Structure formats: structure tokens, C-alpha cells
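A quick write-up on the structure given underneath.
We just call them A, B, C and D in the order they show up, numbering each chain from 1.
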Amino acid sequence: MNEIINIAINILLDPFIQTILKIVVIIFMFVMPLATVLTLMERKWSAMIQDRVGPNRANLPFADNFRGRGALHIAADALKSIFKEDFIPRGADRFLFTIAPYFGFAAALSVFAIVPFAAPIGDFTFQITDVKPGLLYIFAITSLGVYGSVLAGASSNSKFALLGGTRASAQMLSYEVFIGISLLGIFMVYESTQISVIVDGQNTYWFGNLIPKWGIFTQPVAFVLFFVAMIAETKRAPFDAPEGESEIVAGYFLEYSGMRFGAFMLAEYIAIVGVSVLMVTLFLGGYHIPWLHLWESAPQALVTILQILKFTLLSVFFCWLQLQIRWTIPKFRFDQTMALGWKKMLPVAMANVLVTAIIILLAN
Amino acid sequence: MSTEQEEIGNLTQLLQEQFPGAVQSYHQHRGDETVLVERSQILPICQFLRDDERSKMEMMIDLTAVDYIKESPRFEVVYHFKSLSLEHRIRVKVRVPEEDCEIDSIHELWLAVDWYERECYDMYGIIFKNHPNLQRILMYSQFEGYPLRKDYPIGRQQPLVEMRPVNERHDYGEL
Amino acid sequence: MGVETQFQDGFMTTTIDSVVNWSRKFSLFTYPFVTACCGMEYMAAACSHYDISRFGAEIPRFSPRQADLLFVVGTITHKMAPVLKLIYEQMPNPKWVIAFGACASSGGFYQNYSVVQGIDRVIPVDTYIAGCPPRPEAVLDAIIELQNRIQDRGPQGISGINPNQEEKVIPKARESKENLLLSRQ
Amino acid sequence: MEELATENKGQNLESEMEDQADASVMTIEIGPAHPAMHGIVRFTTQIDGEEIVDMIPEIGYLHRGFEKESENSKWIQITPYTDRLNYVSPLLCNIGYSMAVEKLFGVDAPRRAQYTRVIMGEISRITDHLTCLGAAAMEVGAFTFFLWFIKGREYLWELVEEVTGARLTTNWTRFGGNATDIPDGFLGELQERLEKIKDILRECDTLLTRNKIFIDRVKDVGVLSKEDSISFGFTGPMLRACGIPYDVRRSDRYSVYDDLDFEIPVGSVGDCFDRYLVRMEEMWQSISIIEQASDKLPAGPIAIDDRQLVLPDKKQVYGNIEGLIDHFKLVMEGHQAPAGEIYMPTEGGNGEVGFYLVSDGSGEPVKCRVRPPCFNFVSAMPAICKGGYVADIVPIFGSVNMIGGELDR
């Protein structure tokens, strides 16, 4: 018996197995639930803004007509998509058409690989991998998401989809630039690109223990720029010209039906969660709870739980903020999106880098 | 109608002076100044109405036709003009016979005329000479006949897709 | 689609069927084919006062590929009929059609050269909504009716995947209107 | 989706365009089944990248044969058809048609009927503008704004229903009066509802009018010069946005608008933003008109006492042989309009709605023509859109407020 337990412990201590387990736990316990709940939240929250009720009729007939305030509509949507006819239009490139939705999906999920959810306990980290390049990895991965939209648009054999695809590629490629430049300041302040170093750097304080050195305080301009650029990168309103419902119908996923369409939708919500998580990690101290280090006798387990809780709550807050933005303001025209990027955000981001550099030089 | 018919409006008088013989008849029924003019003169008359200081019709309000099937000439093309600066209106009418169903287009004078003439052609089959793009506008190109002519039966349909038979239309299911 | 066609009838398949149908009825992505006056009442039904979203039918997908339910809202003319037919054919199965209002159901009081006398002359229809235009309550009623139908019969509706199903002999009542139209020729 | 339209080889537009097309130009079909086209217009658009090179509109997808039906109906039977012309403000068309027939008969409705017509007509105008602006805003992405406006429209429709019995297709006016008088307590409720509308207007004003993104989308978009606008026969808010204060209510002085004090809002440039502002301001003016009209509302009958025109009381019909005969004759033979022709312009939601009626003295009209304001707007779309971006079609078309029933009749 003891041998079996020993073998099990040995397996669990194996870093490879650990990583697999972390991936499973993070994706299925954090990302997917949050993304699916977001689909419902989007409908319910927009309903609340618009003075409506929102979906609430899906029921369980065998369980006393349990409705759960519309929560079951998520299940209905998912199940229906699976059983919907999977349609490939005539003249479409079957191979590209089939794989395109999963590019965006994979790219959106990969972001979570380097995000720490709590402080490490001994050798065990709450992070799938802590690669040295850190944020550079994120730039690389988000670029991969472009392929999803472009391939979908190009392979659909539809002019509207093609327009959507070209818009998406132009928009995402340019906003990657601003993501990069807006984060340069962060690199300089925390002197690393590695996520764990950046997060730990946010646990130091100014003026004794008065103000934590969070990214939002050290780099307030980058905070705004990065948030805007990331929303544009996920193609959410107000930057949803690539899927602009009113002029090019549904954009690059015009011809998709059933589960593939569902994959696009889910990827969008996962991307929202990804944006929120990155915002928290880079600008709001990650998992670090400010001033908690003053309580020196805190039990390790409690601290970890509190950290995960703080991380989750702030992520949910940013998800909510994105929904709020989506349902409050109109959307940009495509050329205005680009103009905003190149004519306004780029100079501001450059200036931010310059000012940061000067301040760091002077401080040293 | 009798007294109104005999009164002559200012614009009518103007037209009579400018185009002697072109005004065939006129009336002012319920205050609407109306002239019936010679078909060949329609383009210069409209030009005059638009450009002259005393009429200044900047706006072409409406253009349509009426089918008097029992009379000859059969059709009557009706123009409504409006002057924004002088705040008056005039109705100009032209008779067009069925066998020679043509009239000069006035599309050069007002931009709005283009579509109105197309509609008139579509509905009545009146051909506007020199119109740049005289095609059907409301009906589809496969449509035969002119639906607003009085001899076109109201119920004659010309479907583009095959109509499902009446008897297979309903499934009352579990009724 | 999938389950229904691959297995014989049995306890498992009927249970799966009913679960799948349950999901279908609460996730009706609509394609509003809005042409005329009824569109105003469709708007009213979709907006805050009546809120069609309560039934899970609020997401308008203007790409027919992503829609489950075709709302034909308003008069369909002969010029429009090919477009309607194409949209219907572009929708993937399973799909349902609601004829919204008198014009879509029967041509309404436009019995003339240009109006199709009911969209069921062009495409199959599952549910008809009476009224010119129907009140939003009637629209909600039709949605509930259609949901019951989906739960009971699944995709085997009139416009569903099995158009070759046995069709009942039809009452002759509607023919009188055709005759009326002929008499107007 | 472009397949949809190519299927309908309407005017061989495609082949025509292909001849002129060079390699960098792509032809896309926008509509008729397109979310921003309100269902019934097709624009065969040539684009170079995102820029519009050429555009050919194709209409007629909702041609329901209004004129043919009218020529085969009695005068009074046309009223329901007029509801469905401009289905966003049906009462204005109702009133316009009834006033046209009254002009043909040479009679006037009583003062009370005129005032109630003004009240109901202006309510209709507010609902028209609410729908137009809401839909236009929705199409540039402000979905919430749209739902708030429709909520406001719902308040007004409930009022309309109280008076006419129907929310949308009212069929309320008759020749020489109205079908029903306003019910008891209506004016008080009207005041309450107007307050709610004012709240909504103020709310939306703060939400949208100074919203940078919205202004960017609509400012300097869709400009058409003053001269071209006049030449294209623009009327209503579209013309007023160019700075020309032409309003049929003022220039033709029909009904009791002379007694009421209101301003005609005008824009300056004639872009989509001006049209938005003009419509917003017109709603405030309409509210003020309604308030004045309800203050001045005189007592009296709602229809003239003329047995040639107005159906007798039900009491008369059942208790009196003359009443019965009058009723029978009016219903069976219809109104015997005198021979003649008239044109009656009224200010509809979109501009000048004019009815041109020709009667030969029999019970049926020879010609019943409605002058559609939208027709001109859509014919000007290529001129407005050329050189703009594809995405500009959406706010431009939204600001045009194309109503299919009126456009295609």
C-alpha cells in the first residue's frame, strides 16, 4: 500500500506530470468556467444596462423546473452548436477552413501558460512555466491569433469574409506594435521580461510601506495604452470593425456554422479573460496582496488562498469592465481604429518610454 | 370648379406669354395652379420654369403619369414643381398618346428626375427620350407589361421562383 | 442530424433526442428577414418592453449560416422571393421558419401583381403569426409554440431536415383566396 | 452573402460593372438581406480597398402595388394602405391622405379634429425620429441607445393605442374628421409620458451627442451640398440639415400649425451629425407643439356634419330610416368625390409626403399617387457615398431613414 502511495507521490513530483496537471486545472477550473460564464454574463449584463430581463427560461423539467436565472442557456447554446449542421461552403479551402477557428482558440489559451496565480510554495509554482522571455512569449503567441482570422477570411470564398479577414490582420498586426511599446516601460521599471520577476517587483514599496510599486502606479500611461491595445487585439467593441456587424455582416467568420462558429465565440471570451489576467499580472501586482507581508505569522495555506482569490476577483473585475465598455460606446470605423493606433497611441507610447528612461536615469 | 377654372394664375400667364400656343389648357382647381402643355415643348418649358426669376422652381417635387384609358391621347405625364425661394407650386401636365408613347426626358434639369422617370417608365411604359438609364426600377427586369396601366389585371403575377403548390403548404400536425 | 439518424429508436436515443431538442429550443439564434411594417413590431418584441431574449432567442445572427430560426417579417414580393429562398437554403439544418404577420402568412391585404401570397408558396413554414402587424405578445406566443414543437418533434418540423416526411392532406379553405386572385385577373 | 443578390440578376448590373472594373476594384453586393439595409435595398458597390468607387442602388424589393390597389379600392378603403406607407409614422400618412381627400371635397375638418390630429401627428413624428435615430445609432454600435429609444417609443405607442385602437397601423382619420375622439384623462397621461420621453432624450443626449467616437463616426460623413440637395428634391430633416428651413408645416400652412409656435431647426453642413441634431431638436419642438395643442384643444365635434362624407351615428342608423340609408349608401357606394385633381403636401416624418389624387366623379379614384420623400434620398445615395469608406454607408443610410413602404410603395 505504502509503495503505491510512494509511487503516486513520485509521479506527482515529476515536473512533467505536474505541468500537465497544472494545465488541466488552470484551463478547466479557471479559464473555461470564466469564459463560459462570461457568455451568459454578457447577455445578462447587457440586459441590465438596457432595462431588460435577459435569458431566463431554460429549465430542467425533471428537477422541479429549475431555471437558475438563465444559467442553463449556456448549456443549451453549447449543446445546440454541437448538433448543428457543420457547413463548408462551396469553393472554400476545406483544410484551412477547418483549422482556422482553432488558431485563435489555441492562441487565446496559450496566454495562461506563463501567468502565476499565487506565490510559489517551495519548489512548487502556481504557474505552468516561467520562461525567461516572459512577455516576449505573449507577443509571439498573440501574433499567432492573427492567423485564425486571416485564414478564416481567406478560405471562406466570400467577399465579406475576405474584407473582415484583411481588416483583422491589419488591425491586429498594428496593435501588436503598441502592445510591445507600451510594455517597454514595464521592462525598464522591473528590469526583466520574466513574469515572476515583474510580479515580485510589484511587491516592493515606496515611502516605507506606503504605496506598492504596482504597474498601474509606476506606469499609469502604459496601463491605459496596454488595456486599449489589448481590447483592440481581441477585436471587441469598440474595435470590432473586422466583424463589424452592420457593414460586413459578420466579418471573417461569416460562413462558419455550428461548432466552428462556437469556437470563434469561445475564443473571443477566452481572450477577454486573457486580457484581464494580463492586466492584473502586469499592472495590479499579480497575485500579491498589498501590505500582507506585514502580517508575518500568516499561515501559508491562507495566504495562497487569499492570493488566488485576489487574482480571480480582479480578473473578474476587468472582464466586467470590458463588457461595460462593449455595451456603452459606439464603435470605431476601421480607418479610425488605425488612426487612433498610429497617430495617437504610438507617439504617446514612445513618449512614455522616453520619460520612463529619463526618470530611471535620474533616479539612479 | 367653374370659377376656379376660369381664373388664370400668374405662372400660367407667364408661360402663355413665353410659349405662345404651348399651353393647351389651364385651371386652378382648389388653388392648385395647373397647366396642360404641348408635348414637344416640355423641355424648354421646364427649363424656363427652373431658370426664370419669376418662377424659380428649384425643386422637382413629383413626376408621375395617369392612365385615362377611355380618352385619347391616353396617358398624361404630370410634373409637380416647387419654388423654395418664392414659395409657390405649379403642376405641369403633358398628354402622351399610346401609339407614340414618348416624351423628352428632363433629367438634365433636376437630379431627382432620373429615378422618377425610370419609375414612370416602369409603371406605365412611357419612354423618356435621351434618358441615360431607362430601366425598370421597382419591378424586376423579367416582368412583362406595365403594371399601372389600367388594362393590366391587378392579380396577374409573374413569379421568379417556382411556387409551391397550394395543397402541400400546410401540415396541421397533431390537429 | 447526427444522433437521430444514426441509431435506432431506443431509450438512449430518445433521451438524447429530448436533451438535444431541449438545447435547440432554448438557443434559437434568429435571422430577422425584416422587410416591412412588421419589422417595427419585431423591434418592439426584441426590445426592453417585451424582451424576446428571455426565451434565449435574442441573438440576431445576420449570417444565415449561424441562424436556427428564420423570422420572415413583412411582405415578400416576387422580386424578393428568390432572395428569401436563397437565404433559407443557406441556413444549415436544423432550421425553423416563422411567418411574421399577415403579409408573410398569406399576402395580407395586398392581393396584386407583385406580392407573394404567403411565404409558404416559396419556403416551408413552421409557425404563422396572425395580425397586421402582430402584437409583440403574439410574437412571444409564437416563440413558445415553436419551442414546444421543437421539444416534441425535434428537427422533424416542416422546414426541418426531413422535408420528405408524410404530409397530411390539406383543407381546401385557403384555395378560395387563390380563386379570388384569379378572379381579379 | 453577395451570392444572395447575384442570384437576382436584376438589371445586369454585375456584367455592366465588370466591364469597367480594373484589377484593384472589387464589386460587393450590399443587400438586400443585409443588416444595415433595413432589408430591402441593394447597393452594388465597387470598392477599392475600403473606399467606395461606385455604387448602384437597386430598389423595389418592397413594391406592394399601393397605387394599383388604390385604383381598385374605394376612397375610404385606401386609408389602411396609407398606414403602411411610412410604417414608422403611420398617423402622419393617415392625416395627409385624409386632408388630401378633404381638399378634393373642398371641406375642412372641425377645429377639435384638427387639433387632435396635430397632437397625434406630432406623437407619430416623435416615434419616427426615435426609431430612426435609434436604428442609426445601433448600426454604429451604440446598441444600448437603440433599446432606450425603443423604450420611449413604446410609451408613445401605448398612447396611440388608447386613441386609435392599434399600436402601429392606426387607420384613424376619416374624411371630415377622425374615427374616435381622445379618451377621458388622455391629456394628463400624455403629459406624464412626455415627461418620460424628455428624460430619455436628455439621457441619450448625454450618452451620445458629445461622445467622441460617435462624433467621429458621423461628423463630416455623408455631406451633400445645398444645391445638390435641392436638385435631388430633398425635403424634411435631410434638407433642413443643409441649412434650408423648408418645412411644409410652415410653408404651406396647413391644418392649425399656424396657431402654434414652433421653430424649424436647421443644420449647417448637411452631414450625418447635423441630421442627427436636427432630428433630436425636432423631437423637442414636437413635444412643445403637443403641449401647446393640448392647452388650446377646443371642445366640439370631431367630425363635420355632412352625410356625404361621415358615417351617421349608430343610434341614427338603427333608429332612423334616413340614417340607415345614409349609412348604406356610404358603405356600399363609397364617397362620391367630385371630379378634379389635387395635390396636397404634408410634412411627414421624412419630409414632404404629398398625395396627388385624380377623381372622375365615380366612387373610385382614377389615380392615387403618393410622393415618397425617401425615393429622392436613396437616389442620391451614390452621390453621397462616393469617395467615402464602406463603413460610412452605415451611418449615412441610417441618417437617411429609408422606409421601405414609402420608398417602394
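Definition applied: a contact is a pair of C-beta atoms (placed from the backbone, for glycine too) under 8 Å apart; a residue touches a chain by one contact, two chains touch by 3 or more.
What you are looking at is a predicted structure, and each value in this text was computed from that prediction instead of being measured.
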Chain B to chain C, fewest steps along touching chains: 1
Set of chains adjacent to chain B and to chain D: C
Central chain of the complex, centres being mean CA coordinates: D
From chain D, the most remote chain by mean C-alpha position: A
Interchain centroid distance [CA atoms averaged], chain A/chain C, Å: 38
Centre-to-centre distance between chain D and chain C (centres being mean Cα positions), rounded to whole Å: 29
Separation of chain A from chain D, taking each centre as the mean of its C-alpha atoms, in whole Å: 47
Centre-of-Cα separation between chain B and chain A, whole angstrom: 62
Junction residues of chain C - those touching two or more other chains: 47-48, 62-63, 79, 82, 112-114, 184
Where chain A touches two or more other chains at once, by residue number: 50-52, 245, 249, 254
Sequence positions of chain B contacting 2 or more other chains: 139-140, 147, 152, 154, 160
Inter-chain touch pairs (all): A-C, A-D, B-C, B-D, C-D
Chain A residues touching chain C - in the complex, by the definition given at the top: 43, 47, 50-58, 61, 70, 72-73, 75-81, 83-87, 89, 245, 249-250, 253-258, 261
Sites on chain C touched by chain D in the complex: 33-37, 39-41, 43-44, 47-49, 60, 62-63, 74-75, 77, 79-80, 82-83, 86-87, 90, 109-110, 112-115, 132-133, 135, 184
Chain D-facing residues of chain A, complex: 46, 49-52, 158-160, 163, 237-238, 240-241, 244-249, 254, 327-336
Touching residues (chain side chain B, partner chain D) in the complex: 1, 29-30, 32, 34, 58-62, 64, 66-68, 78, 80, 84, 87, 89, 91, 110-112, 114-116, 119, 123, 135-141, 147-148, 150, 152, 154, 160
Touching residues on chain C, where the partner in the complex is chain B: 78-79, 81-82, 85, 111-114, 116, 118, 120-122, 124, 149, 153, 158, 167-171, 174-175, 178, 181-185
